[in-house]
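Please find the structures below.
Both of the next two complexes hold subunit A, though its partner changes from subunit B to subunit C.
Then we have the complex of A and B:
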C-alpha cells in the first residue's frame, strides 16, 4: 500500500540502511509537530517579507500584481481556515460564504449608510466572526463529515438569500463600492498601494497564526483535534475552544472579504458560492493546513499555476483537480509538509556526512 | 385540484431521480464509508453519455444500460485508484472526491462543451387519466426507479450478501474473521452506487436538459436525501427523496419558487443538527475524524 505513515513527530533524518521505500515514507511524512530551529524560522520569515515587500518594484507588470493581490487576500481567508482545520481539526467547505458575509456587510454599510473602508471594516469583521460562531454551533453536536455538509448547505443557502435579497443585497448583479478611503498621503487607487494594504493585512494574519499556534491556546486546540474525549476529561472546555477558533477564523474571513470587496469594487453572489468555497478547501489542503506558510503556498500555487502554465480556465481546473489528488495520495500533509521534509532530509544527510549523529531536524 | 394532482405526478418523477442518487450516496457513504462528492458528477457523466449515444442513433433504453455500465466502470476505477487508499482517513477521501468532481466536470466541458444538452422524449406518448396528463416517459422513470429500489432493498435486507455487508459495517474486524472479504464488498458497493448514478443520469436527461454543472447542484440534494433518511438506509432514502421531491415540486407550483433551493437546504441543516442519525435511523456513517 503506498499510504505513508503519517504520525506527527517522526524524525526527518533517515537512519542508516533504510530501503528506498522507507526513505520515501520519511519524505512524505507529516512533520508539522517537529519544530524547526529558531534561526531557520527567522531567516525564512525575513526572506519572505523582503520578497513580498519588494514585489511591486520587480517590474512584473500590472497583471502579475493583480494576481498577487488576489493571492494575498485569499491567503488571509485561508489562514482562518488553516487555523480551524490545521489546529482544531474542523474542516469547512463553506468558507467563501464567511468571506462573503464580511464583504456584503461592508458593501451594504457603504451603500445604505455611506460607511467607508476603515469604518465598515470592524463591523464586517465582527459580523463574520459572529456568523462563524453561529454556523459553528452544530460542531458541538455533530462532527466530521456531517459538519462539512452543514457548512456546504450554509454556503448554498447564503447564495440563495443574496440572490433573492432584492435591492438590499443587489440580487444576482451584486453591489458596487467606491475605492478605499485614502489615508494622508496614501491613495489606494494606485495598484501597488492596494497591494501593500493587503500585504499588511496578510502579515497581521500570519503573525496571529504564529502566535496562536505557539500559545497555550494553540496547544489546547491541537489536544482537542487529537483526542476530544481526552481533552474534555482533563478539564478543557472543548465547546468554548471550538467556538473560539471558529470565531477567530471568521474574523480572518471578514478581513479577507472586505479586502476582496475593495479590490474588486464589485461583488456578486457567485463569488461566495459553492465553487469558491471548495477551492478554498483545496488550497488549504494543497498547501498544508498545519504549516505556518502552508495556506500561503496553497494560494500561490492555485492562483499562479494557470498563469505560469498558460492554461485556459478549463484546463487549469483539471490541473487543480489532478494536483489535489496527487497531493492527497502522495503527500497527505500538503506541499508545506513536502518542503519541510526535504529540508529535514537534506539536513539529516549533511549531519551524517559531517560525522554527526542523526539528530532530530 | 387537477393542477395539484398534475404537480404531484410531476414531482414524483423528479423525486425518482433524486431517490436514485440518494440511494447511491446512502450506500456508499453509509455502508462503504466513503464520502464521494463526485457522485453528482457520476450522474452527470451518465446523462452526457446517454446524450451522446442517443445522438449517435442508439435506442434510449440501450443507451441507459450502457450509461449505467460506463459509470459503474468509472466508479470501479475511482475506487481502485483513489478511494481505497483513504479508507482509514475519510476526510482525505472526501477532499479527493472534490478534486475528482472538478476533474470530471471540466473533462466533460473539454470533450463536449459547457452548454446544456437534451434529448427528445424517447417515448413521446402522453396518457390522459381522469383529466391529468401523464407523460409516458415520466411514468417509465418512476417504474424503473421502483424496480431498482425494490432490488436494492431486498438485496440489502434479505440476501446473504446484504447481510454480510451489514455485518462488515457494524463490526469490520469480526466480519473479516468470519471470512467476509470486506474490501471486496466496499468495492462492490461503490460500483453498484455508481451504476445507479449512471442510470439516474440517463433518466434525468430524458426528463430535463442537463449541463456539465448539473452534478454539483444535484449532489447536495443526494446528500440531503441520504442524510434525511439515515445513512445506509434504503427505505430512508426513498422517504427522503419523496419528501424533498414533493417540497420542491409543490413549492415550485405554489409558494415562492425562487426560494425552492432554500427549503431543501433548511430541511437538511435542521435534520443534520437535530437528528444526525436521520429520520429513520441508520449508521452514523464512517467514524468522524
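Then we have the complex of A and C:
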C-alpha cells in the first residue's frame, strides 16, 4: 500500500528558496515532539549553566542581580505551570495564588512557630501541592475551560481571605520574615548568595522537568493532553494523573513562593492576585510551555523587558499585551518553539545538502 | 466458558434504546464479526463493554470477573482493548511515541512485545516512526490505531470498523494483518460492513438490529438467514451494506 511521508511538512521546511509561507511555517510549525540529539541538549545545558553561574561575577550591578533573582524564582513556578499546561494541557490563570499558598504558609510558620526557611519549606511545598490538587478536583467533572475560571476565582478568593485574615495573615499589609537560616560558611543576606540559592532551586526544577518530560510519566501526561479518550482506552487513569500533575505543579509553586518570600522578606496579598497570575500565564505562553527552556525564556523576557526598554509600569503592561498578541498570532508555540523550528529547519537543510538519500528516517 | 460473557446488556440514551438485552460469548482464539445496519447499536456495544459508557442494565464479565461499569482504563488494563470508529491517535506526538505510550501501559503487566518497534514492524508502520501522527494519511492513521491498541498487549481486541475509509487494497492489507492475530493468542471482535471480507475473515458472525441480536452462527449460515436478508435487503429498510 502506498504510504507517503507527510511528516516533512510538519518538521520545519527546508530553507532553500524560503518564501513567505515557508517563513511563516518556520514560526507556526509544531516541532515539540521532534527529539533533539543528546549532544545538542548537553551543549545547551552546559552553556546555560555556565552563564547562570557566572552571572554575579559579570559586574552587572545590584539592580540587575535583583531582577535576575525575581526571574529565576518566577521561572521555578513557571516550570510547574509548564508541566501542567505544556505536558498535560491544563492551563491555570491563578498560579500566583498557588505560589502565595507556599509563601504565606512559610511566613505564618515563621511568625507563629518560629520555623526557619529550611524547616518550613517542606510544609509549604506540601500545602501548595494539596491546595493545587483540591482546586483541580472540579476538573474531573467539568472541562478545561471551567478549570481556568475556577483557578481565577481561587485567586480572587485567596486575596480576599488574606486581606481579611487579621494578624494571622497580616491583612493588607502582609507579613515579614527574617533572612534564610545560614548554612555553614554561607550567609544568604549577601545578594549573590541568595541568587545561588534560587539558582540551585531552578536547576532542581529544570532537572525535574527534563526527567519527567523524558519519562513514562511525561508520556502519560502528553497522552492525556492529546486525547483523553484514547488515553483511557490504553489503560491510563486520566483522573488520577490530572490531579497528580496539579499536585506536582503545586510543589514547584510552593518552592517558588518560599524563595520569593525569603528574597523579598515581606509579602502582601497583592503579590499573589489576578495580575501576577495573568503574568505567569503570559510568561509560560510567551516562552513556550512544551519546551524545556520555554518557561525560563518567558520569565526572562517579561522580567527584563521593562528594564531593557526603560518602560514604566503602565507602558510595560501595554507591551506585555502586545507581546501576547504577537505570540498567539505568529508563534503559537512560544519563543521556545521558534528557536526549535529554526534549529529543525537548519538541520533539515544541512541533511538535504549532505547526502539527501538518508532523509530523516 | 468464553473469555468475554455479556448477559442481558441494555443501554438507553434518554428515550433511545441502543442495546436491548444483548447476550454474547466471545473467546480469544477466533475472529468474531458483528454486523448490522447503521444505528443498530454495534458501536454502543463496544462502548458499554469497554466502559466508555455505563450500562443501563445487564452484566459484562471478562475472564470470570464482573467488569460492568468499572471504568475504561481498568478494563484496558485487563487486556480487553478496543479501537474507535473515528480513527484516533495522539495527534501531536510521533508515531513511535504513540505506540510507546500504549506499550508502556501494557508492559506494566508484562508485554507480548519486546519493544514498540516490533509493533510498528508488525502493522507496517516502521518507516513512519518519526512522523507526527496528526500528519499521517488516513490509511496509516488506521494502522496506527491498531498499533496503539496492540501496544496494550490485548487478549481480545474489539475493532470498530477498522476498514472504513480505506481503499480496496488498503482494506485487504488490513484484513491480512487482522487474520494474523488469533494464531498469536489475540482474539478479535470486528465490526465492518464489507460482507465479503467479513465472511472470509470471521469464524462467526453476529447480527444486530435495533439493539437486539437477531442472528448468530457461521458466516454462510447467517448470511443465508431470512431475517438477516430482510434487515439488509428488505423493502422497508435502506440497504446499509453493499
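Heads up, the rule we're going with is that the second predicted complex is superposed on the first by the 330 of 361 C-alpha atoms of A that agree within 3 Å, B and C clash if a C-alpha of one lies under 4 Å from a C-alpha of the other, contacts with A are read in each partner's own complex, and residues count from 1 in each chain.
In the analysis below, a residue touches a chain if its C-beta (ideal position, glycine included) is under 8 Å from a C-beta of that chain, and two chains touch if they have at least 3 such contacts.
Bear in mind that the values here come from a model prediction, so they are computed numbers and not experimental data.
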Problem - First, second, both or neither for A:255, with subunit B first and subunit C second - result: neither
Exercise for the section: Answer with first, second, both or neither: which of subunit B and subunit C does A:216 touch in the superposed model? Expected result: second
Exercise for the section: Kindly classify A:329 by the partners it touches after superposition: subunit B alone (first), subunit C alone (second), both, or neither? Expected result: first
Exercise for the section: Between subunit B and subunit C, pick out the one touching the greater number of residues of subunit A. Expected result: B
Practice task
Classify the contacts of A:315 with the two partner chains as first (subunit B alone), second (subunit C alone), both, or neither.
Solution key: first
Problem - Which superposed partner A:281 touches (first subunit B, second subunit C, both, neither) - result: first
Problem - Which of subunit B and subunit C A:99 touches, first, second, both or neither - result: neither
Problem - Partner chain in contact with A:164 - subunit B first, subunit C second, else both or neither - result: first
Completion exercise
Intersected contact list for subunit A, partners subunit B and subunit C 1-3
Problem - Contacting residues of subunit A [partner subunit C, same complex] - result: 1-7, 9-11, 30, 32-35, 216, 219-220, 222-223, 225-227, 229-238, 360-361
Problem - subunit A residues touching subunit B - in the complex, by the definition given at the top - result: 1-3, 91, 93, 137-138, 141-146, 148-150, 152-154, 156-157, 160-161, 163-164, 274-275, 278, 281-282, 285, 314-315, 317-318, 320-325, 328-329, 332
Fill in the blank from the handout: Note: in the complex, subunit C contacts subunit A through residues 50, 52, 71-74, 76-77, 81-82, 84, 88-94, 97, 100-102, 104-106, 124, 127-132, 134-137, 139-140, 148-149, 151-152, 169-170, 173
Handout entry: In the complex, subunit B residues that touch subunit A
Key = 29, 35, 82, 85-86, 89-92, 94-96, 98-103, 105-107, 109-110, 216, 220, 223-224, 227, 258-259, 261-262, 265-266, 268-269, 272-273, 276, 285-289
